[in-house]
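Pasting a structure below so you can have a look.
Which chain is which? They are A, B and C, in the order written, and residues in each are numbered from 1.
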């Protein structure tokens, strides 16, 4: 698997798109920091970018890579390599190179800005960690979608729909159900609903640092316990990890049964 | 002549004696193995204007009545231990100074507000450098005036509101300076009720159960340069007029009903140059009118300002609103307050004429804040793309938020 | 017996591609797998390679069942039908990579020379023409020394010169005692190379035997006509 990972990774970090992605983050980082001169604001803007854009890029990139490397995958399948190694290798190659672009692209300007001296370092590293998680999750989901759909256009469509659903529609439905059932206790419901969407989950994870003051304004005991202690952070992290494992496992499962 | 000289001598002698009696007041030393081993008894023996020097040691005494002008001064912080039996010092005379004592174990009572130091109907008192611990009430000023509470440390260990007292309490008092005190772990750090013309400066009030500072029916008071941190509910200013609040810092008051500052029925106040940082609600305003909010910093609060009920003719000018989850929240569609020339970190407008003022007005009320007011659980959707889209559309064409609630002259740069 | 297939079934959706294939492949011979489009040739090959997972039936390669196995592929050199390589990799890197992945001895140098690929070694695969890609494909297949070689449409895009080289190469491998499976549409190529014909029709082995046997059975003199006639004659394998 490591060999496949290595080659996928090399292949990707040499592709134009990785550079575009990297340069995008680099530019974003520089603009946010050196035009605004304000780390806290930069962190807030970055959060929006991270929870929306990273899933989108991860999804599209994952699907594209999977379909584009189909023949190459077939070549590999005829080699004495375990099937799951091929797909997992490719998966980690894609997710790894995207994460690298993200971390370097944002990290360099922040380092230059003197982040290490700023107290925003924790918030910032949390952003990067969350971004990495989201990359792995969404590349994974897109791989699962791609491996389940022979038809490129269909697969692409599903992947974009998935992103749209998780990034926007889900929250709309969430909000509606909260308002419709507002007379009932909704603590547990809203926490569970948040956990079920990796984008919401990442958002909450960042909110725990950025907006803890507002989150603690709510009366519910479960909320208070969740947001007021380290419990929220630990639980969110653990579930995010689960979210990362889920597509990997189902990718492994699908890969074993797939015909080429 | 002879007689005259004798007469003069006699007069001089009398004057000398009197002078000795009045000017050179006695100094009494109290220590555990001296002749005077009890503070209470030494006070009985002392004459007005005498000085009691309390040497280092532990004095197990309570209900010490100071009913004449005295200076009671500790040397090396002697401990006065009330053994939880009741009140410890009770001052009923003018011109009393308490200085440098370590007072502990005030008796907790459900019927009497026992204090470590109580001043009753007295003037010109000075309470300084005291350390009060294991207390119920700390310093309780009752119908007193023209005194000074300076540089004391009051450390409570309050757990429940019902059986704890306030750090410094002023009741029907006036013209008092409360300066450089440190109060923590009590019910209300500093509590004023029917007390006017009080100056509260350079105090630290933190980790108190309820309010760091609490005003009720007290007018013409000034508080400046104080730090209020991590109090159960922040600072409450209620039913008072003409209060000046300047350069204070309100930090980390987190919780359901926690505020940097709670204003209720406050009229004609000035709130200038304060910092509200990381509070659930920076300022909660209820039925307060004609208040000037200027040059304050609101940093990283859940809600920088929440306006409930009718508030008229308030002005918000030159404030910095930085990274608050919500800048302003309103629960009505009416607005009679002025927002002008503030800096809003979430302002995204432009300044084509380069005059430092944004060309597009800023609308500080998000639709989302209405949604959260209605269904609090929706707070979990804060900063989601969906909410951002909705807020954006509301900003473009306001339906739920007051149309005139806007800052027409938002600053482009942070006011420094 | 290098490959043994027993009652192999495979369905794609409702489309039943293989309906109980039984087949044995012996060592040291060249087999041509023929059949009309959609008859299951590629599926059969891919089943042997483990790329298609059968619904039913067993496949053994070198006397070992291949189910859930992958190491046996070390004994197979496979030339896929359409060679589409990762675009950002150079030819020599690709060769190096496959070597690295297989981790076995290889003789790519002579092959590169044989097909005149030296000028292309430092080019990215995305810049190569179809024929050149196929040559790279051939190098990648033949550079290892495995007892079983499977070629799926090996002649695609090759110029006559390269075609001759390929034929020589196949004969050379056969001389080394290797077993070779080929699918192709070029009948002349089959006639020249194959020791034995496997004719698939509607998911079953319709005919298995030498060209001679085929000609006899179909009573034709021309191989191409014999293939065309195979389905109309009543001769069943």
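Everything below uses one rule, namely that a residue touches a chain if its C-beta (ideal position, glycine included) is under 8 Å from a C-beta of that chain, and two chains touch if they have at least 3 such contacts.
Everything numeric in this text was worked out from a predicted model, so none of it was measured.
Engineer: Averaging each chain's C-alpha atoms to get its centre, pick out the one most distant from subunit C.
Structural biologist: Most distant chain from subunit C: B.
Engineer: Quick check for you: compute each chain's CA centroid and the global CA centroid, then name the chain with the smallest gap between them.
Structural biologist: The most central chain here turns out to be A.
Engineer: Can you give the whole-Å distance between the Cα centres of subunit A and subunit C?
Structural biologist: Taking the average C-alpha coordinate of subunit A and of subunit C, the gap between them is 42 Å.
Engineer: Can you work out the whole-Å distance between the CA centroids of subunit A and subunit B?
Structural biologist: Computed from C-alpha means, the inter-chain centre distance equals 47 Å.
Engineer: Counting only Cα atoms for the centres, state how far subunit B is from subunit C in Å.
Structural biologist: Computed value for the inter-centroid distance: 89 Å.
Engineer: Spell out the part of subunit B that touches subunit A in their complex, as residue ranges.
Structural biologist: The touching residues are 254-256, 258, 278-281, 300-303, 322-323, 325-326, 345, 371, 374-389.
Engineer: If you look only at subunit C, which of its residues touch subunit A in the complex?
Structural biologist: Interface residues on subunit C, with respect to subunit A: 10, 12, 46, 49-53, 70-74, 76, 78, 80, 82-89, 97-98, 100-102, 140.
Engineer: Using the touch definition from the top, list the residues of subunit A that touch subunit C in their complex.
Structural biologist: 3-4, 7, 10-12, 14-15, 68-72, 74-83, 256-260
Engineer: Given the complex with subunit B, which residues does subunit A contribute to the contact?
Structural biologist: Per the stated touch rule, the residues are 38, 40-41, 44, 47-48, 51-52, 167-169, 171-172, 174-175, 178-179, 182, 186-187, 189-191, 194, 200, 203-204, 206-207, 210-220, 223-224, 228.
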